[in-house]
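Shared between the two complexes below is chain A, which pairs with chain B and chain C, respectively.
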Partner chain A sequence: MNDAQSRRVGPLVLLLPLLALMLAFYLWPLLQTVINSFHPFELSGIDFSRWTFDNYARLFDPYYASVFLRTARISLIITLITCALAYPVALYIVGLRSRLQAIILLVYMAPWLVNVVVKAFGWSLILSGNGVINRSLRGLGVIDAPLQLMFNETGIIIGLVHGHFVFALLPLWAALGELDPRLKWAAANLGASRAQVFLKVVLPLTLPALLAGAFINFTMNMAAFATPALLGGSRARVISFVAYEVNLVELNWPFGGALAMALLVLTLVPIWLSLRIASGRKTAPVEA
Partner chain B sequence: MIGTEGKMLELDGIRKFFGPVAAVSDISFTVEAGEFFSLLGPSGCGKTTLLRLIAGIYRADAGSIMLNGMPLGDKPMSARDTALVFQSYALFPHLSAFDNIAFGLRMRRLPRAEIARRVHEAMELVRMSAYAARMPNELSGGQQQRVALARAVVVRPSLLLLDEPLSNLDAKLRDEMRGEIRDLQRRLGITTILVTHDLQEAFAVSDRIAVLRSGRLMQVGTASELYDRPASRFVAGFVGHVNLVSGKVTEIRNGAVTISCRDNLDLEVPSRGLPWTVGAPAWASLRPERLRLGSAAAAVDAKVVGVTYLGSQVTLRLDIGGLPLRADIQNVGQTLPASGDAIRVSWAPEDVIARPGSPDDDE
Partner chain C sequence: MLLIVNIAMLIFMLAPLLVVVWMSTTPTQLFILPFTDFSLRWYSAAFAHPGFLEAFWLSVRLAFVSSLISVVLSLLASYALLRGRRVRGLELADGLFMSPLIVPAVVFGIAMLQFINLIGLYNTFASLVLAHVIIVTPFSIRTLQSSLRALPVELEWAAENLGASRLTVLLRIVLPVCARGIMAAFLLAFLISFSEVTVTIFITGPGYQTLPVRIYNYLTDQVDPTVAAISTMLIVLSIVLALLLDRLGGLVNLKK
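Moving on, here comes the complex of A and B:
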């Protein structure tokens, strides 16, 4: 083996343990799920002797289609709210001294460090019919009947905007921090107002980061399980919750596998799109 | 040049602090319309700060800036009639060369046809017409420089501000761009302020130069004024190599002063109306290229300590009674002195730069 070859093989050897772990406990079960999803489910169990597309056809059943649509709609609403809230926060943070920046980022990261079940319980203390918000509003005489703030889509949106906020914030913070202040000065020097500096220079240059954060946030919203289950309950079922019921309550692994595959594809598309956007920005076509 | 009448820019008592540190203090000067004015100084002297104060990126803590007779005061950056070219060019990376140059005109809401016409004009001016559709990252350093220049002049500013525009280019390109910038400035008659630490650059392009040091203005003048009549030892040393000697004033007689340096060297120099006092310290400097070899009447004995051969020029290290001096002589085919030779050196009294005071007394 020559030197160049050994240099290529070295890192591979170091990757082997993780690779083996992933193969055994991730890729193999995933593959099994795919295989299951193409077999019919009988009362006696999975019939491995026959192949079928029925499980996938059932995804288009109005009930499951509506769950998919609801999940996508909720995820999109959460992403839009999160991006609209994260941009001003990122702008504010990059204007601070670096020590203060670190502290504030830690504050925004803190929710991610807390167990989702604990967070959901915290939210239910605030959002429930007898929670802080409803009691305060009733006390002030603003409302007569309690607002329905959880066990519906509102609860999921509130919980996930809070829970996944930092994933939209961090890429924006990094991009805004890297932005050369001279570009802003150059724009102002050429006659741009503050609003124009933002719209013509800052926003276009941080758009890839905004989109990257948005796509990460969206895929996490799509795949979220605990928060929608605890704050959305059975009235606002999302696809991950339905997949859980089918797999672990009905024990219908073939259809559960089809649900899981559909969810996987739906979350991979935005990831693939975000990679396309990120790389497309850097390599603009070269003209002769 | 167009419109050479009147003052374009007046700075009066400008002062700017960053925290407790004064970046510039008590800066006052005037730039005439159509003039090419340079701010020259070592890094950290406050020249870029001064430029940014004029552009409005920073606000002065004291003093006033007048542009075209109007105080700039609290005018925001976007309302100042200046165009700044950054050292790093600061081209908008998401916009093509064309869109970069059009940016200022679009902010001024000019009609689309006029924008296109003026952008093409500006691109022709910097010979970049073929690159209109290129993105900044597809342009070389010199091309980016041209686009940055076009982006600034296309808005027809009253004042063009250049912040070390050539320092990121290699030596050959730098010489070329230096000439182009000067030509462009002459053709457009645009009043221009150039910030640079490069003496040659400032000398080559400027009508007048302001020398800055540690945030203070040391001297303003033409290149030859700075070179031949520096107001201080710092300026003398900054604008060229000097042989510095210090001594005492021993005689003042009809327009000439005699300064005794060490025990065996008396320099007789024109008094130039400076406040000399007999017995007071004084310093003098001799440019190495103004020393002449040979046996003129006023020559002194010197010993050659070292010879550095540089082709068209030869640098000699001399010892005049314990005083080290450098002499630069033209290599015109004469027999060159060798190390250890005893020779005679002379100079014209007018070529000696002399000032009363100790050489370290720079204000």
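Moving on, here comes the complex of A and C:
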């Protein structure tokens, strides 16, 4: 086997076309953006003759700092709501017959398959001043003036709880399914109440999956673009929206590059943390 | 209690999709709440709208070309990763191929925007193809790897012992045996490319607006049932592609 394997040097050559493409049109653009971000911006374009840290220093301007803080705050709220909802949903699903489980999971996966722009459009039909919710409430006489449900943080939160729900649900569902039911029986036999069984047995054992899903969810919330742009817009600017404006409206690429790198670091840290948690688990790690 | 949460969440999950479908069949310009009448006029309006039709064909061409390139290159690369000699740094290459899943689309979009302007590819079909090949490649690689792993290496040895060249082995053994996996990889790549929004918004010029980008731009200034009709057709298309994929076993890889 080893002999035969080492004889086959040839196949390795087949790696090269994709490798070349990825290096030239993926890694190089990313590195070029890093390089651009260390040069000053002039009206004529990027001044490649001088180097500077100013673009990174500017990230700490009160305006940009507040955008980062807002994005992190909204993302955290979304993650907390998502986890609070995903846990009972996962608990319910694992109790069903496996055929039914597959069907219900498919419904939860459906929004993932539908284009993000279409989903945002659907939400705008529900949330806008003339939308389903405001019309129904006015029809029932509950409110006089329409509630502001989009073009603010509420719109972003609703849209992203919906859009990223399945990524928190699937790891939880997998972990709860792997849980040995005898552990629960044993705890119950020893006199634990249902609440105690949940708090002392089920929750601690599925905590790694909950955290892994939460980190992935948080990362996706931080990086989301289309949903916050359409449901929050310029009245609730998040990092990705500001990065869009800087790169495509102001055409300030060095600073736009610095914003992109800051966003990259802010999303890689939670992913790295979630991988640490996943590798710390004793059961088989769930691959994304 | 759990049941109530679950039912509420299922409604929450489906609500925006159902509202879009519902609006696409209202006869009036405005969306009237008690739903009474049914009309398909917005569907004919959608087909009569030259901008959307053009954008649809651009999206199809783009998804087809980039999925094809990605699947061919990923098939070669996955085969190399699986059967090639173990050399150091191979994990790095695999990590590089998978990393577009981790790098946020906004970041890659900005990098690609700055890069294609620097090399003079702005507002070209080629720049969109390059970006989309990179975006869909992690999906092709994962699907193809699981398909290739199921292929017994003895089959290839037997063919080689009987005098087949390496190319013949690839074309006559690997391709036919993994045909389903290759088809699944292509469909998944097509689906991902067809619905890609963020990177495309950053890099696209006025001459090349894909369907999702056109819808995005349309939504930023107006809303009428024509978009609802187009969106409904997109929902149906996604469901059809997803069911096909499920048949080919492609979605199983994602659920893991």
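Operating definition for what follows: the second predicted complex is superposed on the first by the 262 of 288 C-alpha atoms of A that agree within 3 Å, B and C clash if a C-alpha of one lies under 4 Å from a C-alpha of the other, contacts with A are read in each partner's own complex, and residues count from 1 in each chain.
Everything that follows uses one rule, which is that a contact is a pair of C-beta atoms (placed from the backbone, for glycine too) under 8 Å apart; a residue touches a chain by one contact, two chains touch by 3 or more.
These numbers come from a predicted model, not from an experiment.
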* Asked: For the three-chain model obtained by superposing on chain A, do chain B and chain C clash or fit?
  -> fit
* To do: Have a look at where A:189 lands relative to chain B and chain C in the superposition and call it first, second, both or neither.
  => first
* With the two complexes superposed on chain A, say which partner A:268 touches: chain B (first), chain C (second), both, or neither. => second
* First (chain B), second (chain C), both or neither: which does A:126 touch? -> second
* chain B versus chain C as contact partner of A:110, first or second or both or neither -> second
* To do: Please indicate which partner A:180 is in contact with in the superposed arrangement: first for chain B, second for chain C, both, or neither.
  => first
* **Which partner reaches more residues of chain A (counting touched residues only), chain B or chain C** => C
* Return first, second, both or neither, reflecting whether A:198 touches chain B, chain C, both chains, or no partner chain. => neither
* To do: Could you tell me how near the closest CA atoms of chain B and chain C get once both structures are overlaid on the shared chain, in Å?
  => 20
* What part of chain A is shared between its chain B contacts and its chain C contacts? -> 286-287
* Asked: Can you name the residues of chain C that touch chain A in the complex?
  -> 1-3, 5-6, 9-10, 12-20, 23, 30-31, 33, 73-74, 76-77, 79-81, 83-87, 93, 96-97, 100-108, 110-116, 118, 130-131, 133-134, 137, 157, 166, 191, 195, 197-198, 201-202, 212, 215-216, 219-220, 223, 227-228, 231, 234-235, 238-239, 242, 255-256
* **For the chain B and chain A complex, residues of the former touching the latter** => 55-57, 76-78, 80, 82-84, 86, 88, 90, 92-94, 103-104, 107-108, 133-135, 137-138, 151, 155
* Structure fact -> chain A residues touching chain C in their complex are 4-6, 8-15, 17-19, 21-23, 25-30, 32-33, 36, 85, 88-89, 91-93, 95, 104-105, 107-108, 110-111, 113-126, 128, 130, 132, 135-136, 139, 162, 165, 170, 219, 222-223, 225-226, 230, 233, 240, 243-244, 247-248, 253, 256-257, 259-261, 263-264, 267-268, 271, 286-288
* Over in the complex, which chain A residues touch chain B? Could you list them? => 180, 182-183, 185-193, 196, 200-201, 204-205, 284, 286-287
